[in-house]
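Please see the structure below; I have some questions.
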């Protein structure tokens, strides 16, 4: 049974429809990447899965429950955590405090989980009492991901995790994503560095103008010349 | 974001501005040291301002508006204490070196609770509804103005306008070298303010609810996405701001040599309070504390050469000077 | 009763002028001024100082400057007869308010809205403190009295209020007509655009800062004129009048209640709020005449609360209620009501 | 070959340590419809903001019709004939569509406080002329039937048309359009394309257009400039750019 199963999702802002019926699924333990030209609806798809944007039609099932009508804060405890592209940390809180806020909904003591996060991200452990606003771009991105992992989600949604990072740091972030995935967390991400992202993904989707145009395994999509044509509109 | 784009400064201007800031800081320190007695008084005044300013800045942090009713919330705290001292609690004055008696120690927490309840009520009955209507910030601000008038009207309805006094007994001063004389009440005021400030600091840094308050102030969307109930955070914030305002109101009365109160005492402090908030950097509670001390000392030291009644104008002038050099205040980060 | 109504109408007229000025700031441009009292005071003192006779030291009048304009210009042919010195006083009041607004506006209008609010509040308090403390300028808390009145020497005192009502109405109508012309002009269109979205206005090539500053100064000028009208009405002013509550907030209450950004909002609001304000003084009489049936405890309770003080409470609550339930003020409601009545009458006529 | 109406040379823009535009140089030919494309974060919108005077560049120069304009305030650049639109339409919500347009013309007599009161006849006469112009532009963009509605009542696509109409009201020499096609339905899109073409042909206006819908770029533009990481990657005829491997790589990020 797929972990996430979306069918015929339509969504948009105001009277402008961005997604015109998108089907998408993520199986347990998968890394799935959505790529596509600007304005194709990638972020909107993420947001309608998380509940920040309300789907106007279609069904979204997560872990055996139908969620498209739920409020965003009800979806989080189901095991669905989201890292926005920007403004994804609390800048005046320390790293430890950021993690505590990530685990706000947990009722147990957080120390154990925080220690696990510091094991996963040794860079953050060194700076545990630094304010998140003082972190560099790459560390901040790790901070944001670690914050989202505090609730031990089944599915982690990442919106452009490498935006604004240097090529070296990009590699680090992709490595981090693979490490997280190795612990059994499924990942759905939107990425601009299509080639690199697809090379670490099990599967990928190419969105254009609010529709899924291509779907394939990661490596095969990465080598598909049709993808480039979709970006430049010359099919 | 577009409008502020033309604020880039050349290196020479930046350097000149740094020099001017350093000169101003030195002038401030020299003036304060030359009138050390007044400066010490300024710290006492500053501690009351701090209690009020921290509340204003906390509310600003989560709601993004400057609460005009804050001064009158302080007044409310003072009158609640007055009611308790005169009508409910046993009469007692002259606790140790202080002009007041032990009943005040009971009255302070009760006033804090009462004003906290008032503040929470303001949010539930007025501000939450305005948020639901997606009213803009200034509309919310005008509503706080309406509440300010209503609170004052309520106080005048119940207690009328003449000056009232807390039960009090003649006072002595502790004299220290360098012309410093300290009224015992002032020590109490500062001590109480310090205790409350430390309690607030611990709340904000050690408790889950306090951290959630700071998180909501930092990034409300991400707070919601982390499962934090931001509506409840707002209530907490109002409650804490109200409690601090209640305490500040009571302390304001015993800070005064004759323990007098009237329906305008809180409102009259609004300009210095806003000045403290702005000087410290809007939204930053530690900045508000620092700003309050700076404003308090400036106000008291100014009485060496200006009429004491000009103190609010001095507070305002200091604010304008600080803003000229640091548009976001001393510790401000939010735009 | 007629005297009361005349005095009432004069104050509604004067407060309408203030609310008109505030409407230019907030209603049409979105400038958040909570220091109306400052411009009010500047206008009042400027007009008063320019027209009063020289101080008499044996009566404890310590101010140094007096324009004595009323006497000096009295002998001039046309000016003397028509009491045009009064116009000069209004002009002076508006110039002083304009000068201060120009300085404050230049510094603060570029900053965020909250800062303008805090700055205007600070300026208003500073202005009040100067008039409260500077003996040579303003005779401190005793204030300035025996301010001459236009046509004061040709009209009998008992008839004077009616004459002054006409004066106030003429000034108001002139200002109102001017504002109306401006609001419907391209200038007013730019202001409304700024209120809606500053960036769009800027992207349409409008020098936003200049328009905001113009509106700020214009509003301040109107408030200054209002201050002068106020001074000539009471013939005496003192700093007590210019507290934030009486000088600023009641005017905000009027604008909010009447409906900001609406031409008739200031008048409607001034009428309603001043009605509540001055009507509350009759409350004790009403309470006295309440039948015993109401019950002694209720009557006692009513006696014990400071009845005249109810008005502060009532006005504050009114502002909050209007914001919650009629954010556009009560003027649109009145318009709707009138239309509904007109419709009903038409239907009845048809039937 | 037409001469360049806009020249950008060595433009750099830093935002607190991030270099959004990095040594960018380009020309836009007079009377052309030029597309500006590139992956997210390439610096396209920042370039618009720099040209239109909403930001001041860190270094570099911008010349418009052989006159330096970098560093000028936006309202002066507007008066020199460069008008921009926003990605998300910023219509004046509670003003009517007609008023939205009538706001735009510069140097209106009635924008002076004094003349608005003292020379009302002159102002009224000018107002009539401006209204006539506005109605003409509404006709041109097909918005006549909604002229008296408040702008907030328009559909997303109509708001895009209103943006275009507002730029035309300014009688510009050059228009910077930020994603005119986003969220516009096909019918309105055709009207938009028609409007832009007619404006170029009949009014001689030069267009520089940021657009992600490559189909629209191909249909509309004579020339395409590709930005990547803050500077110009390549440029040329639309079809050529479309086949360029470097462009594909820039988009796919390797």
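Annotations
The letters A, B, C and D name the chains in turn, as written, and every chain counts its residues from 1.
We take it that a contact is a pair of C-beta atoms (placed from the backbone, for glycine too) under 8 Å apart; a residue touches a chain by one contact, two chains touch by 3 or more.
This one's a predicted model, so the numbers in the text were calculated from it and none came from an experiment.
The set of chains in contact with chain A as well as chain C comprises B, D. Comparing each chain's Cα centroid with the centroid of every protein Cα atom identifies chain B as the most central. Taking the mean of C-alpha positions as each chain's centre, the chain lying farthest from the centre of chain D is B. Looking at contacts between chains, the pair that accounts for the most C-beta pairs is B-C. Here the CA centre of chain A is 43 Å from the CA centre of chain B. Rounded to whole angstrom units, the spacing between the C-alpha centres of chain A and chain D is 34.
Inter-chain centre distance (chain B to chain C, centres taken as mean C-alpha positions): 31 Å. Annotation for chain C: residues 199, 202, 208 touch two or more other chains. With touch defined as above, chain A holds no residue shared between interfaces to two or more other chains.
Each of residues 2 in chain B touches at least two other chains. Chain D contributes residues 18, 39-41, 155-156, 179, 182-183, 212-215, 217-218, 241-243, 247-248, 251-254 to its touches with chain A in the complex.
Against chain A, the residues of chain B that register as touching in their complex are 208, 211-212, 214-215, 217-219, 221-229, 333. The touching residues of chain A, when paired with chain D in their complex, are 12-16, 18, 35, 37-39, 163-164, 191-196, 209, 227-228, 231-234. By the touch criterion given at the top, residues 26, 30, 32, 34, 107, 110-111, 113-115, 117-119, 121-123, 125-126, 129-130, 132-133, 198-199, 202, 208, 243-245, 249, 252-253, 256, 305-306, 309-320, 323-324, 327 of chain C touch chain B in their complex.
Residues 178, 181-182, 185-190, 192-193, 196-197, 199-208, 214, 218 of chain C are the ones that touch chain D when the two sit in their complex.
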